[in-house]
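Take a look at these structures.
Here come two complexes built around chain A, the first alongside chain B, the second alongside chain C.
On to the complex of A and B.
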């Protein structure tokens, strides 16, 4: 059917985009990978290869070890709370309420804000000498939380050169992130709840199931694919997080709120340790890839099958 | 189905409390921004301003207006161009698939998930070598390229829903690749452009990492300027909050006016459209 010259047109039309992605994504990643194996740790550019030296340095580094701990703590808190909050909000908004669109819009609007704006505002809301603590004080709370200024780590297990556990300051940052992202989880779950057919619910009801049984046994299993997508999307945001923490707390005292994104930025562009910065970036990329590549592959399999 | 009235009231009560909690940061931001110097003491944080004072806005506006301008000059062209390219890519990848086009699409999509730290060092060197470092056109280019995956994805998922029979009918009438795009796809994708446009505008406006590493001082977009404003110890809280509100206003306005489309973009970003 198609003439030969015509078959070439679609390919030609996406060629510029393909070339751009090939250079800006794959080319630059390879380049960063190369830099991470050099000794370019001063202002003067160097292409001298030193093997895994930068990686060895990073994994023994107090700051990078702290970053890995903080990322783990932040990821668990952020994903868990965002999903719970999102599911809870979605169920409430989905109970045929009046003013549904108003409530939906209120819960989603933080998504339209920049992480920088969120960081600036939450820094003020959770400021330990004012903000939420004023309210807590008037309620009679005596041990006021120090929020993001706390240097406490629980349970404080000594591993490597750091104390492992949940840094209390991370909770404050996670709260701001949950505030920003739970509307997204709500929107996803809402779309999922709407696609569970009424027949299915009705059938369960006829069988004598209570509302909470219907939710647990009928609706929740149907939401599983959405939960899976959410976990992957939220986890990759969490592994990459930079702006929110940079704007709200920075690395924090003893690096209690530092993350690889912040370390990479500071060591590369403030300290001129390009090779170490490249090393951090490659580790971040690897962590994200472990999550995203299987997700992409399975999405495409599903589409074909 | 028969929920008790008491339960209903509790549900509404809970919803109102939660909505209020979600709006607390906005309340704090708004009231603080309208306070005068005397009122921004720590113990009066929750109080409404005694009278509206615009000095915070005056100072924030004076400091931020050049970067607000930069952000508009950045976000508008970047949004328009990446939407147009994304639409063309989506058209090809949904209706003119060829051998290997699915693999190509998957390789493209990977680009939207990568941590941008992993391309930053070569990117800066590259931008310097083509003399676009520290310029708004340079940032526009960067945002177009890294916006391509998501825009392509959104348009492709949108176009998959347009029945292929329509295209085949047009082909029999002798309409070619571009004719179909112009006469069938484009008129049907107005809402697609709105969704993608809002998404791109919001992301570019709110972006920070590229902005802070690829520009300095006069070329800085708004989020970098806001971060500098709040990072300096001498700037008062009313100025910071007024600045945060000014920086957030364009995307908030877009959201308030077009929230339906914004939410559709939110959901379209998760691969399965």
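On to the complex of A and C.
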């Protein structure tokens, strides 16, 4: 008897959260998935199933194709630059400079802001008629960059109904995001650098390695788990990004800065295309899970092993 | 090995911390468009807490949903509420306004409240398709024929306007104001200095634009960070090229977007946007209007809420600092944008909401609201002397002009069409591909207009 109740107690303890998660996470995901297969594209609710029509529409849609291109461009730029900046800052701060904690705080501070604030500020900073362009102008630059109002895409490779390549406007948005998140990457790398034992460096020095060799061959490999975590964290931010774009540029001329999140919001709540919006949500979920699931599986294996 | 494990663990721990942190932050960020949503029920909650006694004794409450939060319109709404309160001191008014240009945020909030079974008592809606193909088709609003009969409104509003808020002979909302969408506002000083007169046709427009361009002045100011501003130019070009009758046929499906005149309109539109300011994508409509106010650009095509912005916010004088003219070829037409109020099915205080609509539809109510908002009254018997020079002229023109519903503001076509048209226009402004835009508009017509 006693044994039975002892076994039941843990189950009872986690039951509320299991139920809550089952309803509020997986239940709603299933509902969204269901809606994405209906023709609920007006204010009138409809549960009539139409198969993959919404997905077909999305993948043929100029805007959605642009969104996928922009997300890819943004993700690559954002993760790459954030990690580089973070590593660089961490090395600087780690080089036993004076006022180390001051710099550490300065660099990590942007993370305390919301993306909305970052978006509004950088919208002014990079506005082609104000902000940095005024500085550039006074320095005598004649061909002022158009920043996020540029509609250029390099290289222009025609795929589907869009031009594939890197939209120049995305660089401006990525800059703002990198500014916000590189301090966080620095903090991660700093923790990593601190945990590399001095013994290893000493040993390498005794073996005659130069400082740059030590960094590349000894320290960087030790930072690999940090880099992996960073990529996962930054990628999930980047795939789901909405607030920064919404505040800074909106969809942009010819959708050069549009992302699935913004499209989902506008088509669902402004156009009343609920089924299409649900379709976008499901695609975003798939994109994120493609990235997260292998990571979860591998870390789960490591824990057991 | 042990160290490595420790490192992984600490990384994972940090990851977890950050993930939760980000989660919280993202929520904060995402909430911003809907922040107003979550704050909307708040006043009603506090109100019900503070006034249970008076509620029991008298007429209770009425919750008014709108997107009137801008300078002039907020003053107008407050004027209306004050008038209502003087007539019905026993009814407490809850002002549930959601900020955001052209009601784009408010509409999202409203949709979620209606679908969630928590409708306000009366809500703002543009007359026309937004009302009829949206809320009426979804069977979410009550029919107001009894109110129209008891107040005698059928003769007090223009017939075209009553048709815009009716479906199958039943009226569903009460118009409060009229805005005109086909207006070119121009900088008078620039035009006088260059001895130009306001263009009335497309030929004159391009002649004027070329002359201004030669002088180094941006001829046309556009701020299409939100694409509806560019869509407004397109609909005005359509109105100019097709005329009011054929323009209206586009929205009933009687005229296809295949028509040669639609293609010609797109060509004209393309030519017009070759005269716009470079940084249009970074500006909103106020920023574009400012270009004209400051003399950096000569003309701006905008609804006449821009007049309110010029006179109230920028303190410019009508006919001295800025002038206006109907957009090319649309002199006898009137692109109507009308704000109306409807009552949702299942409203908690339906009787009070009807009292609110009575005040809105009265001469008194319309003359309190419209001079402040900068619009003209929807009633034909309002007091003209209360309006400024622009208002008086527009009231006169409204009486004789052919009315055309605005597509950009949801009066002509369902929201679904408008969002797709906005997308097509957003692409078109940059790449100028007429065939691609036509294809997109045709697809939108096929999917949204039956």
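Points to keep in mind about this one:
Convention: the second predicted complex is superposed on the first by the 294 of 305 C-alpha atoms of A that agree within 3 Å, B and C clash if a C-alpha of one lies under 4 Å from a C-alpha of the other, contacts with A are read in each partner's own complex, and residues count from 1 in each chain.
One rule holds for everything that comes next: contacts are C-beta pairs under 8 Å (C-beta built on N, C-alpha and C of every residue); 3 or more make two chains touch, one makes a residue touch a chain.
Keep in mind the model is a prediction, meaning the values are calculated, not measured.
Within the superposed three-chain model, A:105 lies in touch with chain B and out of touch with chain C [touch as defined at top].
With both structures placed on the common chain, the touch criterion links A:252 to chain C but leaves chain B unconnected. In the superposed model, A:204 lies in contact with neither chain B nor chain C.
In the superposition on chain A, no contact is made by A:262 with either chain B or chain C. Of the two partner chains placed by the overlay, chain B and chain C both lie in contact with A:115. Looking at the shared chain after the overlay, A:242 reaches both chain B and chain C.
When both complexes are overlaid on chain A, the residue A:271 reaches chain C alone and has no touch with chain B. In the superposition on chain A, contact of A:229 is made with both chain B and chain C. Of the two partner chains, chain B is the only one touched by A:125; chain C is not.
Between chain B and chain C, more residues of chain A are touched by B.
The interface of chain A with chain B overlaps its interface with chain C at residues 114-116, 123, 127, 129, 184, 188, 191, 229, 233, 240, 242-243, 246-247, 265, 269, 299, 302. Residues 41-45, 62-63, 114-116, 123, 127-129, 146, 148-149, 151, 161, 184, 188, 191-192, 195, 197, 222, 225-226, 228-229, 232-233, 237, 240, 242-244, 246-247, 249-255, 265-267, 269-273, 299, 302 of chain A are the ones touching chain C in the complex. Residues of chain C touching chain A in their complex: 3-4, 6-8, 10-12, 14-15, 18-19, 22, 25-26, 28-30, 32-33, 104, 107-108, 111-112, 114-115, 133-135, 137-140, 224-227, 278-282, 414-416, 418-420, 423, 426-427, 429-431, 436, 440, 447. Taken together, the chain A residues at the contact with chain B in this complex read 1, 6-7, 9-11, 13-14, 16-18, 20-21, 24-29, 31-32, 35, 89, 92-93, 95, 97, 102-118, 120-125, 127, 129-131, 134-135, 179, 184, 187-188, 191, 229, 233, 236, 239-240, 242-243, 246-247, 260-261, 264-265, 268-269, 274, 277-278, 280-282, 284-285, 288, 292-293, 295-297, 299-300, 302, 304. Those residues of chain B lying in contact with chain A across their complex are 3, 11-12, 14-15, 18-19, 22-25, 28-29, 32, 42-43, 45-46, 85, 88-89, 92-93, 96, 98, 102, 104, 106-111, 113-123, 126, 142, 145-146, 148-149, 152, 171, 176-178, 202, 205-209, 212-213, 223, 226-227, 230, 237, 240-241, 243-244, 247-248, 251-252, 254-256, 259, 262-263, 266-267, 269-272.
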